[in-house]
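Note that subunit A is present in both complexes that follow, paired respectively with subunit B and with subunit C.
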Partner chain A sequence: MNRNRRNFLKAGAAAGAFSLVGFPHIWSKNASLAFAQDGEIKVGVLFSLTGTTAIIEESLNKATLMAIEEINADGGINDLKITAVVEDPASDPATFAEKARKLVLSDRCVSVFGSYTSASRKAVLPVFEKQENLFWYPTLYEGRECSKNVIYTGAVPNQQQDDFIPWLVEKFGKRWYLIGSNYIYPKEENNYCKKLLEGLGAEVIAEEYVPLGHSEFSSVINKFRSEKPNVIFSTVVGDSVVALHRQYRAAGLDPATMPMASLTTSENEVAAMGGDAAAGHFTSAPYFMVFDSPENQRFVDAYRSRWGGDKVTHFVSESAYFQIHLFRQAVAKLTAGDIGPLAIREAVKGEEYKAPQGLVKVEPENLHCWLRPKIGQCKADGQFEILTQSADWLEPNPYSAYPNQKCTAEGLKEV
Partner chain B sequence: MDFVVAQILTGLSLSSILLLVALGLAIIYGVTGVINLAHGEFVMLGAYCAWLLQSQFGWSLLASLAVIFLLIAALGWLIELAVIRHLYDRPLDTILATWGLGVMTQQIVRLTAGGELRYVQMPPSLSGSVNILGATDSAYRLFVLAVALGLFLLTWCIYRYTSFGLKLRAITQNRAIASSFGINSARAYRLTFAYGAGIAGLAGALISPLKSVSPEMGTTYVVDAFMVVVLGGVQSLVGTLASSAVLGEASGLLAYYSNDTIAKALVLIAIVIIIRFRPQGLFAPRVRA
Partner chain C sequence: MSGKISRQILLYGIVCLAILAVPLLVDNAFLLNKYARYLIFGMLAIALSLSWGYAGILNLGQAMTFGLGSYCMAMFLKLKTVPIHTGSDGLPDFMVWNNVTELPWIWVPFQSMPFALLAGMLVPALFAALLGWFMFGGRVAGVYAAIITLAAMVVVNLIIIDQQSYTGGFNGITDLAQFDILGLAFDAYSASTYYLVAVCLTVTLFVALVVSRSKTGLILQAVRDQEERVRFFGYDVALYKTFIFALSAAIAGLAGMLYTIVMEFASPTFLGVPLSLSIVIWVAVGGRQSLLGAMLGAMLVTGVQGALSETEAFLETWTLVMGGLFVLIVLFMPKGLAGAVEALLRRIPGGERKGDARPAARQGSKSQPHLGGAL
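After this line comes the complex of A and B, so read on.
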């Protein structure tokens, strides 16, 4: 029995290896198996349209579809139309994996654009690594990941914090209170923040995590009152961030002397908490809706005329938009017969694009993007005022908190 | 000194929110024996009413409180009439039915009002902060505390000093015998359910300026409310008051000395231990099985 099973597994593994490695290599020029055929090229769009994170992911879905429509209206890529296969993973990591498998295996998409939370990205990762396909991830995230099958177009900790933390220390002072939601993202951001603060001679007077979805901050605010920090570094996410800001304001604390500094509070979150509760606090991000550039003007106008005049754009939807244009530039470099996920990955390395936030570039080593972070202060009307912009674009370093590790084109290296 | 006062005030504020949310649940369970799992959705609907009246009609929160109470109470009245009254003395079925109602309500709100997070503007007159013995507290939180205590007193007086309350107490002791003395128990049940629902709606409206308003918000509150009611003893109004005070002060204090994650875990462990040794809760009445 046991031996039979072993033989069966061996046969299966051999067949699997043949079908995965052998077939596409030999037959990719064959019309029936090529990725680009009948004048179209298929891509997957994988954002939740239902469930808890649907609100934000819907805006990413819209920005993605808008960019695809723009490219098709412009004649497509070398006369190939982009066909979007839209799936709804319903805010559930297991469904994300299942839909990703469907997009890659049965729809034969050449790339998939999608996901917002780290949990859903981690869930689809094995699919893309095993099938040698390509996933495009638009969200800022905690770093500490080095996949050869993901193009990361959002910011990693060093890009949002390198300018932001010293600026805040200089402007407000050295006593810092770190408050976050209790999961991986805030902890990794805080790891890097503490490292920067140590270098600046600043002091972390408290590092505290509240449960996800927590909505009662009166004890936390009591501690703000008694500890009197100069800056509150907040990595609280979701509806908790609304409760924190509203209760901060109800308690009569003053952003002018004890501002909250955030990496995740975008126009979207501000709309949910009301401009009055967000006014005076700071966010660091590569993009703000008010950013003054011809590209952004075009982006905001197109977005509002396509999806409604009251819609806001924010730094994740901007990445979801420009990553499609990076995809176009990469595919345009390939001949139709060569188009495939790995060829696109090689073609997109070092590719530059004038995005709404300014020029961005894909770093060939770690497949993250060079971005230009800005510091914004929220105003009562729900928009940000951009106070500074980094002098140059910043290199992405997903292992910034771990100096002995480096993400390279060959994978993670210990240095 | 001001630290102690601030800590007590924080605990009281937590307690007042717990009391507001649990009071309706305690009344409904205490009188009718229905475990209302849709209680959180009454809270959520109250918050959405506050948001709707403010954003569509420009009503300030204070002006809309009475209307919200009446609206949600009317809804509770209808639900009792349509569903609950057919299920008395079938506890498992009422749990299932109310849970189903809760799920449906969430989805209806999501479909009509949208799933995005909403907020309710605090009344301008209460948006400042107040100084008490050297400690600062939000005027609005003190207002919520006052309303919670006021509602508790009102409920207690109805229960203790009115003829309706007398009838309620009679029904609570034995419905069949009370009915045989000519008490209209069906009407009393319906009014109780409506009153409990109305208070839940009021709770939702009152907490909406401090929290975010979303279709799922009720779920966390119903869990908190059950903790309060189970700890306090299911048929005791005073027990509900005392246990929300204890839970509020305890979680405030623990959260101050450690953090909210640990506070939540410790409070739950404490409740598990207490229920193990005192399954009837802290303040169980001695009558009726």
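After this line comes the complex of A and C, so read on.
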């Protein structure tokens, strides 16, 4: 009897607590229309802090917050402090969409920085396009997108491959094995790679896709052994990349004669698989942690003193960092009353910034960035050795595999 | 008995009216969109309550039917868009990327709205009927049935991710047109979309109520409690179970269609294991033997989840906090919040429950304990 009553009290208390937190904003109305208010300017930060992609996205969150702190410590933008509204989309596309809506509609952020996977970017895109807001996306991706509401600061296929593929053909040979995870990113990268290889007279001896999250590569490795390709072009992502590298090494294959070439294996992935498994393989990216520039020295030092001496920076976190500074420069060009997502988009067009990777620029036509690709070879200590870098910055062309299409400021054009 | 039923109808009606009145109080695009999403989860919970609470079929793959409905709507809306990201001739953008040259046959009928709307409910229902016919005809029950439902969902999920030239794969179907019907436009952020969802929820709730109160509903509850005995009486148990399983799937399919309208995309995560298990949790929290309880449970849990994850203090621990709350509820309220509230009401002397004191009514409720109280 007594016990039961206690249960009911608990139940009642729990139910009461639920109803209190469940609908806290029921009376709230839309905020007033100015974006810069009370000496602050609100931006959204949307990287998963929990769930399957949390490990990599947390590093993007940290780089973003660090850049915002730097700018605020420096007096903000024209005396406006940046206020970061951080949300956790939990690696789930639907939650991404929900949180993006909150940031855009409820918090009235003037821009949102976030997301790692293409799936999550696709999930938030309708929000930004319909509400005419601005999304800043730091990740390398497959291209073929021409949104007027996204600033893309990661690399597209032509930027990572134009130097990389000819270099590998010359150095290792013309028999190529393409292996990727089964979704749109690897397929698009391979479409462009095959185009380049054809021009170089090289041969694709196999093109194979494994399911996302695949971790059993013994049959693939047997094929490596029997086919003896000169280069294995790997667009395997996520946990699979760790499995592939470890099993490649365990099988006793030699990176000196049959290297894996990747566009996604950064310091972050190498830390997960161990330097031994990654040593000898190649990656093309606009940024490596060891890159020697005063800006990068400052970036790495600041990142480690802010977040821990064992942390690594990589080419996506570098983009997450420098895109905040591009944002700062764009906002600084505007008067407080004019600040808004579309005004920032117009202001950031053609904007240049001395990033850790070198000088970058936002291409006014397609809102992607001019970047400085480099080729790195991984070493056993988990860092890369930069072997070459492009002489100049490289133009972004999100439709590089499709010469009859071009992304312009007015939208996609058939040429 | 009849007093109890009319009280139940009254209570259900009041809740539905309250839900329909929300746009009068809330004039905020974000909140309307968010609440519409919670209402859809409420529909999903009703669907599971029907099969789990009333017929004892624990469907761990409820999200499969939800996802199928969602994809049906997404296919229809996709075909209505001008593919801005490819500029190509009427083919969905992801098909162009996968070198598909003409519209696959499975997509062709989705150019018609009536077909798409029907398919959104009938495809999941047929899937479920087929699966149910296999399972229940073969007398698979209990935990084995639960495993089959889960496995079936994973299979469909993998097929959708793998067949990316027809389904959009991992990224799902994105960049959709706005849904409009009979000149009414349903912008995801508008009150009209909220009303659309709320009306569907109300209809669903009352349909489910009617079914649960019907002879079929009673037989299903008997099946849940004593399957062999019901079979011995000559009822075709498999048929009844298949029926409720398919009805539950149709409701989930409808919820899925609405979800695509509200979220503006469809994704393979809509038929993923995490969502599917969440539905079970919502229903367990709300009370699986109460349609209203399950529905409110879903809205409450997702509401708390949203609020917690938006609270800075819980930013990195909100999933943990939610987990803890579920454990507490399951431990201390095995019949969920609905069971707890009912027990609480029974404790209050006099008041609303006076009618129940009549011996006849008391006897009635004793012989049919699972009809429960007004909830």
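In this section, the second predicted complex is superposed on the first by the 383 of 415 C-alpha atoms of A that agree within 3 Å, B and C clash if a C-alpha of one lies under 4 Å from a C-alpha of the other, contacts with A are read in each partner's own complex, and residues count from 1 in each chain.
Note that in this section a contact is a pair of C-beta atoms (placed from the backbone, for glycine too) under 8 Å apart; a residue touches a chain by one contact, two chains touch by 3 or more.
Just so it is clear, the structure is predicted and the values come from calculations on it, not from any experiment.
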- line: Of subunit B and subunit C, the partner touching more residues of subunit A is C
Partner chain(s) touched by A:Q405 [first = subunit B, second = subunit C, both, neither]: second
- request: Would you check which partner chain A:S118 touches, where first means subunit B only, second means subunit C only, and both and neither mean what they say?
  value: second
Message: Per the contact definition in the header, classify A:L105: touching subunit B only (first), subunit C only (second), both, or neither.
response: second
Query: Just subunit B (first), just subunit C (second), both, or neither: which does A:D88 touch?
result: second
Message: In the overlaid three-chain picture, which partner chain does A:E414 touch, first (subunit B) or second (subunit C), both, or neither?
response: second
Query: Can A:A97 be said to touch subunit B (first), subunit C (second), both, or neither?
result: second
- request: Show which residues of subunit A both subunit B and subunit C reach, each in its own complex.
  value: 182, 211
Message: Residue numbers of subunit A touching subunit C in their complex, please.
response: 4-5, 7-8, 10-12, 14-15, 18-19, 21-30, 49-50, 86-88, 90, 92-95, 97-99, 101-102, 104-106, 118-119, 122-123, 125-127, 130, 144-147, 182-184, 187-188, 211-212, 405, 411-414
Statement: The residues of subunit B that touch subunit A in their complex are 3, 6-7, 10, 13-14, 17, 115-119, 121-122, 127-129, 136-138, 140-141, 209-212, 214, 216-217, 220, 251-252, 255-256, 259-261, 263-264
- request: Using the touch definition up top, name the residues of subunit A that touch subunit B in the complex.
  value: 52, 54-55, 182, 208-211, 213-216, 218-220, 222-223, 225-226, 239, 242-243, 246-247, 249-252, 271-274, 276-277
Statement: The residues of subunit C that touch subunit A in their complex are 25-31, 33-35, 37, 84-87, 94, 97-98, 158, 161-162, 164, 169-172, 174-176, 188-189, 263-265, 267, 269-270, 274-275, 299-300, 303-304, 306-310, 312, 315-316, 318-319, 325, 328-329, 332-333, 337, 340-341, 343-344, 347
